[in-house]
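One structure is given below, encoded as structure tokens.
Which chain is which? They are A, B, C, D and E, in the order written, and residues in each are numbered from 1.
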Amino acid sequence: MTESTPALPQRPWRQRYHVAAIGWTLLLAVLLVLSSLMTGANFGTFLSNIDQFLALLVQMSHPAWSYLHVILQPLYETIQMAVLGTTIGAVLAVPFALLAASNLVGNRLLRGLIRFFLDLVRTLPDLLLAAIFVAIFGIGSTAGVITLAIFSFGMVSKLFYEVIETIDMGPLEALKSVGATKVTIIWYAVLPQILNQFVSYFLYTLEINVRASTVLGYLGAGGIGVYLQRSLGEFNYSATAVIILATLVVVLVIDGISNHLRRVLL
Amino acid sequence: MQTTLENHPLPHLFWRRWHWLLWVVVVAGVYSWAIGGLHFTGIQESAGSVSRSILKGLLHPDWAYVYNGSGEDLSSLILQTLAIAFLGTFVSALISVPFAFWAARTDQHWAHLRSGSGKVVLTLIRTFPEIVLAIMFIKAVGPGSYAGVLAVSIHSIGMLGKLFSESLENMDRGAEEAIRSAGGNRSEILTLATLPTIFPEFISYTLYRFEIAVRSASILGMVGAGGIGTPLIFAIQTRSWSRVGIILLGIIVMVLAIDSLSERLRKKLI
Amino acid sequence: ATSSTSSSSSAGYTPKQLTVEFVPSQNASTLEAKAKPLEGLLKKQLGIPVKVSVSTDYNTIVEAMGSKKVDVGFLPPDAYVLAHKQYHDKVLLQAERYGLKEPNDQATKEMVNYYRSQILVRKDSGIKSIKDLKGKKIAVQDTTSTSGWIYPAVEMMEHGVNINKDGIKTVQVKGHDQGVLSVYNKNTDAAFVFQGARNIVKKDAPDIMSKVVPIYTTNKIPNDTITVRGDMNAKWQKKVAAAFKAIAKTKQGHAIISSVYGHENYTDSKDSNFDIIRQYDKKAAQLNK
Amino acid sequence: MQATSTKPIIAFHHVNKIYANGTVGLKDINFEIPRGQFLVVVGLSGAGKSTLLRTINRMHEISSGEIRIDNEPISDYKGRALRQLRCHIGMIFQNFNLVNRASVERNVLSGLVGYYPTWKCVLGLFSAADKQRAIQALKRVSLTPKIFTRADELSGGQQQRVAIARTLMQDPKIILADEPVASLDPRTTKDVMDTLQRLNREDDITVIVNLHSVALARQYADRIIGLRAGELVYDQPIANVTTADLDRIYQAN
Amino acid sequence: MQATSTKPIIAFHHVNKIYANGTVGLKDINFEIPRGQFLVVVGLSGAGKSTLLRTINRMHEISSGEIRIDNEPISDYKGRALRQLRCHIGMIFQNFNLVNRASVERNVLSGLVGYYPTWKCVLGLFSAADKQRAIQALKRVSLTPKIFTRADELSGGQQQRVAIARTLMQDPKIILADEPVASLDPRTTKDVMDTLQRLNREDDITVIVNLHSVALARQYADRIIGLRAGELVYDQPIANVTTADLDRIYQAN
């Protein structure tokens, strides 16, 4: 065994001096400094005023449980809106996601168009959607459901085509090799593979929608958000706490169902 | 080849074949409750003229608002929104790492309590409305985009912590095992195996969350925590649709640009 | 929550930099999220740096004034009453606007420091008076809204109609424009809105003035306030008040406050101007029991 | 062992395959496969074995030359005709390619989709006779007791046998198997290879198998062909195959 | 081939391992491994081969019995002492377990973790001498040209050789290899097994390998032991091993 040093490969100087890593770090630092300047961020101010931050938390730490019966109905309404909105959005998302997946659709142009459309939908702020649909459908659940449906559509379709792109192509090949049509292939080989992911993303979106309704209420799209705003307007933070906790329970339940279903469907 | 049934009786489980019916009933129940519980408003009498004027406004955006040098135009507010989202997401990503380790369910038994409590805390943070957080921070640091940054930093922990902890749960533990078998201790395993393995996924989630923060920074504007949200809300409230149009256009351009940038970054990372 | 008995001395808080935040009320139909012009004007008057910010929600202003992060707030009357109660904030000025008169909410030449609330119905509905509202559906604002709930509800009671009984169904809507539209679209039979709210939807529904008309107009409601932190020293309170008044007098200043906030002028105000609001609040609270 | 004098079921004429990125997959391949033969293809990794197999049922398109099945050139088949062709060629994959979440029965029945209209497939409306055939197919691979089990609850060898049963449903004239026993343990390997041999002998199905293991190749093949860098470098009936020959195929160039 | 008369480096005495869920991993295992032996462990999937290997460096804890290394019982080792023990035992995994995104050099150097204080490892402050050793280790597995390449850009066989180089950095007395060549092609398999053999012969490292392939076992082992359902059912020096024996190990009970 000779101890001579074998010839090592040459590294370009960019690699030897970690140019990329240093460059990225610098860029990050510069961006951070710029945004701190722009937003006037100053950690000291926050620390010295932390008691003011906590003041509201202290008020919230005594939830006014009697408020619960007031918000139960709007909470149901929130869930109902979220369920319908998410369902409509998710169902519409399926065909679009299939068409946007690069491993199912070879046609780049079609895929590009579909993706651009989906991107566009996702950029629409839900606030604006809510405002427009309130203007069209008036105050109430219809506007809320449609807003949530569009929001869910944008979100689910993206999550979904990303999942489709990671499926095992083996079963698709197997079906192709027995002479199956496209639709059959999707039905037999694609859908079963993504079903549990679909369910879990559906529930994830549902959860987001339940939370989103606290914001949508601000614009009159119904649900618990109206009461959140009212409690804040009355400086009634113990009621705010009840609203938050009630929402938390709903979200935890959805989370629990999601975890359970994921295990069952795995 | 005769029938097989005598030598290999087919397993026939009634429950197994029909349990999906139960699911159908449950799901149908949920939906009838959801549909029955809401009262739907139809299309309004004013819908026609309202949508027409909305459409007209959106199609004739208020171009003068794009830049007017006052520092309160679309371009400066969009920049401000980006700064809020960027700084907020960055801080949030840092804080989320310990939260993720707290909430990740690893194989030990005692971990259930730890990860369970971590998960509930993360859910609470996620559920805590951004608006309320913003009010709390405005109380602490005054109105303006700094409060927005803080609100985004804290609120994003809820989601980032969850995503991070899930990727910790699902990661390939091979490299960790290798370091352990070579005699590494906990911190060596963490820094030499766990973090390098998980790093790209963390970055990718952070970018994803950044995109969301950009979009939702408009919500913060409602309470005066900075960004493009305030003028958007005002424009909506006063039904100035051409102003809404230009702001929307700005948001679309900004989000599309961010999306494609972060998409490219993410591809590079993985 | 500091006690503020310092109004007569120069003791108390002396601002080095003045922080101003406002919530535009919907009465101004040319609402803009503009802060910079006012910053410049105030700075010229006061000689210290001024920071102006905008919010759509007065809760943040009250809370930020409570935590001494905001020195001056533009608050609607109901918010002022709450702020005074919570943090002893002090009203300096009230805004003045041109008065409105019927029909069709025409602007008068007279400057007033109050506004009113109206009950709107469709002209073809056959509802002529408050009595006809029994058994009907009414669009209202939040229960904290002065013009969208408290004044009209209390005055209806005085006319013998209890909004929470008498078969009346209330629908809470968000924004006075929505109230107007819900009547226009026949979703509700009536709506409580501030006088002039129909102007907001004029662009979207040009025939609004002829289709939707008021059947009742309430008493005067005090206009928006300019309120300062309770612990600000008296000298500075005077200085701030003077500055705002001076701005409203100059041509350039007037143009800005008028176009951005819908304010035409400022007059001195005192806390007792808002006792009327407190009375109405009390009555409304009884009504809700 | 079958006579090599019968009319060929598959014939390659000057077949070339160049991948889009310029890689040469196959280079001027010429040979014929008689009906009922058990043909084993050997070669280094990347030699083109999978490529060769996949051109036969047009899972890959060839760049030039001609492949004939039953004396028909298959290159022009499109849509329905192509699906009909594939109907009669079974394919078995190294990693089984079952739908993991579906039951064994459903996986086996999916071999029939080429014979059913799409809407019947989607609704799962298979005739009772065909369900009976699925049971028979499972019986031939000794898996009837697992009929309602989910595919991912089976061991590797069992999964591969499900894949074979799926192929049997197609009533194939040809079975293509691409490294069907890599990653299986020795006993399961024997199981699977024996099953293939039985199909070849009992039903006279032509079987073409890619194998990495020379020992297996010698044990089961009627004939061995060797590929290297896309070229056919070896072609002998089993009687003439020597160890030295095989070693040579495995030498890199 | 080493004499079996030297003092054993590893000794199992009545070792039992029962998993938390009740599965019996090992059942009353008794045997000794002399220093410098090349031992191959065979057995069906699930027989307990991995379990056996992993108890040696305490990646798994045993339930009862005793394992001695260099005549020291290892069960009580904790913290530092345990890490010291692991320092001198190299482990090679079926799926390599490299940090994919790190360079080959860094992966190899990570074998030194047991020898360096934590903070130096974390900051990557390895001595020049150790960097030189890493180059030597890579040379022994013929991978020096790839030293700055990212691990995930290597082929499977190359990755496994990086894993071996990492193990060499530990300067191990024992190498444990858990199916190091499953999923590798024959030529790469030979590469990897030859490397292990060289380490065994040249450096007198005791090598214990789990293998699925009987052919490989016979080719490289000094001695073969067989497990079935957690029990040691076979133990013979290579000279006495017959094909019939091995077939018997693979029979299910």
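Convention: a contact is a pair of C-beta atoms (placed from the backbone, for glycine too) under 8 Å apart; a residue touches a chain by one contact, two chains touch by 3 or more.
This structure is a prediction, so every number in the text was calculated from the model and none was measured.
The set of chains in contact with chain B as well as chain D comprises A, E.
Between the interfaces B-C and A-D, more contacting C-beta pairs are found at B-C. Chain centres here are Cα means. That of chain A falls 45 Å from that of chain E. Distance between chain centres (mean CA atoms), chain A to chain C: 37 Å. Inter-chain centre distance (chain C to chain E, centres taken as mean C-alpha positions): 79 Å. In this assembly, the C-alpha centroid of chain A lies 4 Å from the C-alpha centroid of chain B. For chain D, the set of residues that touch two or more other chains is empty.
For chain B, residues touching at least two other chains, in rising order: 41, 44, 50, 131, 135, 139-141, 144, 222, 233, 239. Residues of chain C in contact with two or more other chains: 57, 59, 63, 67, 69, 175, 181, 185, 187, 204.
Those residues of chain D that touch chain A in the shared complex are 57, 59, 82-87, 89-91, 93, 95-102, 106, 110-114, 118, 121-122, 163, 166-167, 170. Considering their complex, residues 41, 44-46, 49-50, 53, 70-72, 131, 134-135, 138-144, 221-224, 230-231, 233-234, 237-239 of chain B touch chain C.
Those residues of chain A whose C-beta lies close enough to touch chain C in the complex are 49, 52, 55-56, 134-135, 138-139, 217-220, 226, 229-230, 232-235.
Taken together, the chain B residues at the contact with chain A in this complex read 30-31, 33-35, 37-44, 47, 50-51, 54, 79-80, 82-84, 86-87, 90, 119-120, 123-124, 126-132, 135-137, 139-141, 144-146, 148-150, 215, 218-219, 222, 226, 229, 232-233, 236, 239, 244, 248, 251-252, 255-256, 259.
Chain B makes touch with chain E in their complex at residues 174-175, 177-185, 187-188, 191-193, 196-197, 199-200.
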